[in-house]
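Labels run A, B, C and D following the written order; every chain starts at residue 1.
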């Protein structure tokens, strides 16, 4: 195949390139100059993010194991944006003394996981998918244990690596049966051979379980809270937005592409998972006091909503899911940004520490307020649109009861999102968090997030674009 | 440029304006100016509307504008008003205007206060003007959420609890609504693009099974906001904890969203199911009418008394709607407006009295009439309006409702109507009880003598509310005569299949 | 004949009300007093002029007095057919009522200038008076039943305001509340009655309802509910409203307490005008009652008869002079109601109707006179309990004379006004129902007795020592007394049978001496007894009361009706309905809502074990879930 | 390939390995052992892939390649895991998984 067709994997190549550059830079910069790497990485990555918005021809590589189409490109852009924001938010944290030696590791690891995710998304066969998956998982374990002198961080790392290994084992076991029954690992070949015989169902369910682990759907979610709590905040943000998003996209694409023949099996399966995920996620989130853990469970609940879109199985479903993820990136990162800003400045991470935050840091708490409302799906912020369209997708399938359950869950979730609002605006505190100045990078990231939260909802053009490039089951 | 857009634009601009002022003086001034403009716009719009009607403008909704928003989902920004909406908008702008002045003294986080208040107003106005169910729902939720902050931050008593309860219950209501709306949306056309547009939906005859399934969702969903028994309990706590202006707005306007929605969406779009299930909800509303009134008798807290009487009066609104004839629905609309005005007046007065006595517990007060005659007299007027004294709006509304409700020939409707009429006596009981204990009788405390009577802004907000009450009461024709163009199509659709 | 000027009769008082209510406190009190009085003076003249025009200039059209709609405007349209109109209807009774109301009201206005002098809230008093006059006049000229209801309520509220005029006096507040709520409850019946009637006849207008064409009633005539025809129900319910305003048993309880109001108010509202609204209502609807609901008419007759006896008995035992008068009012209104109940329609059959109106007319004068006189006395003695009085005839001669005239009149002494009217009533009763006749005959005697009990113990009896000697009331108060005295002497010579009859056609009426003489005699007996017992200070009353023992006590406590009401309201409604409702709402309904929240939170606590933080358990859950799902979806679901 | 061994037997073996691995993960307390049982699972997978390939689709090699990749990745995984375990050991002086539950609920 001619060389310029590598252009199809533009984003991946660019990312690899950045990783390399950083590696080299790491070697040739003096220890006291390391902070420069942060800027370098941020700038390079920003460029990459922008670059990926340029259109790409459709096509496949490596005999169909790598697929590129506008949708995958857009999904990658969504992830890029998320990662870029995360980078901006992690500047202060990286400048700390204890991380000084590990700056470039951080970037390289994150970028390599991102590469893995990109491959997952554009994968055309299960092998590519699996490699991407692992590439997207293993470095994260290292990242989770990044602050290796903190017990919690270490614990998070070990929990993540072991459980993910287990999950990938189970997933593989399922895939082995898919292969055995269909005789191929290529999506295009498998799709015709899929029927609802027990062995394939077995494979399907194990596959779903493995992906559910990544998206952290109940009951495969147990690692989530611990890892989120233990890992450094920015890693948590990365996990909860980017890695979850990538997994969701892949999951959706494969369900649509490969298992389109057996919707009558995986739709009820997802139905069950969705109900369980939303309910359990909410019930756990209600009780949390640690902000990170709280957001972990809230993100679990959100994952449950995503399933509503996936289940629809058509263009509408994909559109709503991608749209929701896009909004979710901005919203959730806004929340995490505030948390990390406060945590960097004061080391406080509990909801009760936020009491009367509005007095001292009105701007931060307003951003938090917006994020919370957007997560809860309150107009006029974008979250409302995202959620409502997901419900629409489910409604299109006639799952009205599911929609009812979902919306009631949304009401419950409103309860704990409002708890945060209450803490910041209503509750009085004896020693409130003092007024502090957030560094420029954090401001920039938060600004982007707020802009996103406000704009995406009203700008129907975005939605229209997504729906124009999205595809459903045949 | 469609005048209706003003009702969204003005509040938004006001909010932006408030963001850039320094102190509470600037904030309240900005808010006052904005809402005065709003009031003017509302009156102008009303005049224009009836001018066009007189000029022979046909079509259910005037000032109709339709802008495509989400093309693939066929979601539009569609606005238009009929006479009900027009009057509702007038009501809303009057109450908001009065509310701003009633909360003139708010200084703690005043900018935030006015911003959330006006956001709430935005939601209300948007709800009344929009004809696309999606935007309608958007504005509906927009109206509900600021309540949490307003009650939670500036409220009194167990404010966090009440605010949370109110928000969650109303959101639970909107949960039902989502299901109902989606049901309408996806059943709106077997082939071709589905739609949220009220007008197009109102042309469709939905299959009976679908109606049976979705009508309860829609009716109860809106009914919660209309304080439908037994889902009314957010109302007493919410109102009693809310700051003055918020109780005014909420009882005066927001609760009307419920009735309006029930009429405009639930009943209008799903007529057969409405006819079929009316009896269930009629029983419920009858209960809330009498039950609310009895509940009010026992209360000691002024706001609780009023909250329960609101339950009773709003129950009457739904009750009248479900009677499904021209007169009754006419009465329902009148009742919405009249109750909106007088309950706002009540809450304004309660706030002002509370500001002086620092208690809302009736037995702890007495003889206030002697020291604050203006407030006292206004309170008596409000009370008389609410017990249906001729010459004030309440009488007009209630009589229309009863006459309309009585036009049903079967015993069931007769009996519940008579039960409902009982409420006017019970109302008299608790109103006079309060007036007697609170205002009349010997002066209870010495320090009452220092109380100042109503200040100018207080007088303004009271007069703004009293005037329409009196005008409607003295010359009702100008209001009740103009609703036909909105009600006739609804009634025709409701009675088409009978 | 153009009567459009009659609109002024309504406009002037309401204007006075608005002026005094909004601007009154800006001026000196006397200003508002004069505004009100002069306004009412004009109304007074207009009313008499109208009466003159109507009866003697306009006169009869083909043998009967026409119902003239002087003006009418649509006010509120319910349906195509049912519309409330605000208008003025002139027919014999409404014109007669115009005269009565405006005259008494005018007198009271003048009188109050003296009586209320220096009172706090003078202008408020006058604005309320004007409001009342407006509502009452509007009531009597109502063209349709709903307009009547509207003004009916307004009358009620102005009575409420006036009773509670001394709003810092708890007893006054309580009384006003009681009055309003009791009448309000009765009005509920009125309203439902209107709804019933209007639904079946599809009209509110009196002209249609009472017209000769009875076809409108056909739709409902067949229908019956619990054995009574719809219209019987409607009429009874409407009468319930009337009974409430006219304080018929069992709604009488508010009237005695209403005496907490200033005395002129009692004279105006609770003697002459408002309390006869019930009578007026029945008279107004008389054809409907007579043709559609004769059994309702029967009920009315008995209610009237019973009330008059009942009230008369209580009156004998009261010591508060205003209460005595109040009870006498009850019993006199009982007379009128009864007269209507026993009346026929055609020609001399309708004598009851005529008599009732006649008595209403005369009663207005002498009862107003009595109250105003009582007012003068209270003004002088600063007490309204008999025991504090006695021998006042020396101090206040004019009051004495006028009061005596009034007492004689009410006792039916020949050639004073009430003699004629009462005689007619007795005649009507006699021809209709002997039992009721006997009752009324007895009541005539009792009336004479308690009135003179009152008279003697005030003006004669013991010579009380007053710490400051009572003085005669000022001119402004005595002049109305005299005018009313003249009225109550000569009102009887108005030829009512020629003017105001059931079917609007005059008939010959003549004193029936067979009934008149005995009634006069029993009246004289009553007077004699009273003179015996109270002329000088004696111990007869005590002995009698002791002799009667329990009965006396019961009567003195007004047969404990109030207590029964109190029991019903306080105990039943408050404790056994309202309180449980409140409790239910807080604990059951609200409890459920909170319960849902509680369940959510506790379940959240319960399931926290799932997240044990213990790695193998995570793995187990993971694997088990996967396997279970496989089992379900590979083997169950298909 | 060995003659006479039906595919099902091999599959049963791999299934046993798989569930052994699962049980090991659940029962064992020593992290290294847990890691080993994961390896067990992965090897079960490998057997599956290879067997399927060999018995059913002898004319292609997808399964075997897949197996190779799995082996490789398993190695990477193991290395990272062990590094983390060592890290844990430094913190807690123990690699007993029961001690690693500071974060819960």
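Throughout what follows, a contact is a pair of C-beta atoms (placed from the backbone, for glycine too) under 8 Å apart; a residue touches a chain by one contact, two chains touch by 3 or more.
Since the model is a prediction, treat every value here as computed from it, not as a measurement.
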> More C-beta contacts across A-D or across A-C?
Replying inline: A-D
>> Suppose every chain is reduced to the average of its Cα atoms; which one is closest to the average of all protein Cα atoms?
In response: B
>> Suppose each chain is reduced to the average of its Cα coordinates; what separation in Å results between subunit B and subunit D?
In response: 65
>> Can you work out the whole-Å distance between the CA centroids of subunit A and subunit D?
In response: 27
>> Using mean CA coordinates as chain centres, what's the gap between subunit A and subunit C in Å?
In response: 78
> Where the centres are mean C-alpha positions, what is the separation of subunit A from subunit B, in Å?
Replying inline: 43
> When you check subunit D against every other chain, which residues touch at least two of them?
Replying inline: 25, 34, 100, 102-105
> If you look at subunit B, which of its residues touch at least two other chains?
Replying inline: 168
> Considering subunit C alone, which of its residues make contact with at least two other chains?
Replying inline: 608, 611, 613, 615, 617, 619, 623
> Of all possible chain pairs, which ones touch?
Replying inline: A-B, A-C, A-D, B-C, C-D
>> For a test of understanding, state which residues of subunit D touch subunit C in their complex under the given definition.
In response: 22, 25-29, 34, 97-98, 100-105
> What residues on subunit B touch subunit C, complex-wise?
Replying inline: 165, 168-169, 229-230, 232-234, 236-237, 291, 294-295, 297-299, 326-327, 367, 369-370, 384, 387-391, 395-396, 399-400, 402-404, 406-407, 417-418, 421-422, 424-425, 428-429, 432-433, 436, 439-443, 475-477, 480-481
>> Quick check: in the complex, which residue numbers of subunit C touch subunit A?
In response: 600-601, 603-605, 607-608, 610-611, 613, 615, 617-619, 621-623, 625-626, 629-630, 633-635, 637-638
>> If we count contacts the way the header does, which residues on subunit D are in touch with subunit A in the complex?
In response: 18, 21, 25, 31, 34-35, 38, 41-42, 44-45, 48-49, 52-53, 56-57, 60, 62-63, 65-66, 69-70, 73, 76-77, 80-81, 83-85, 87-88, 91-92, 100, 102-105
>> Considering only the defined contacts, which subunit A positions touch subunit B in the complex?
In response: 319, 373, 378-380, 384, 388-389, 391-392, 395-396, 398, 400, 403-404, 407-408, 410-411, 414-415, 418, 421-422, 425-426, 460, 463-464, 467
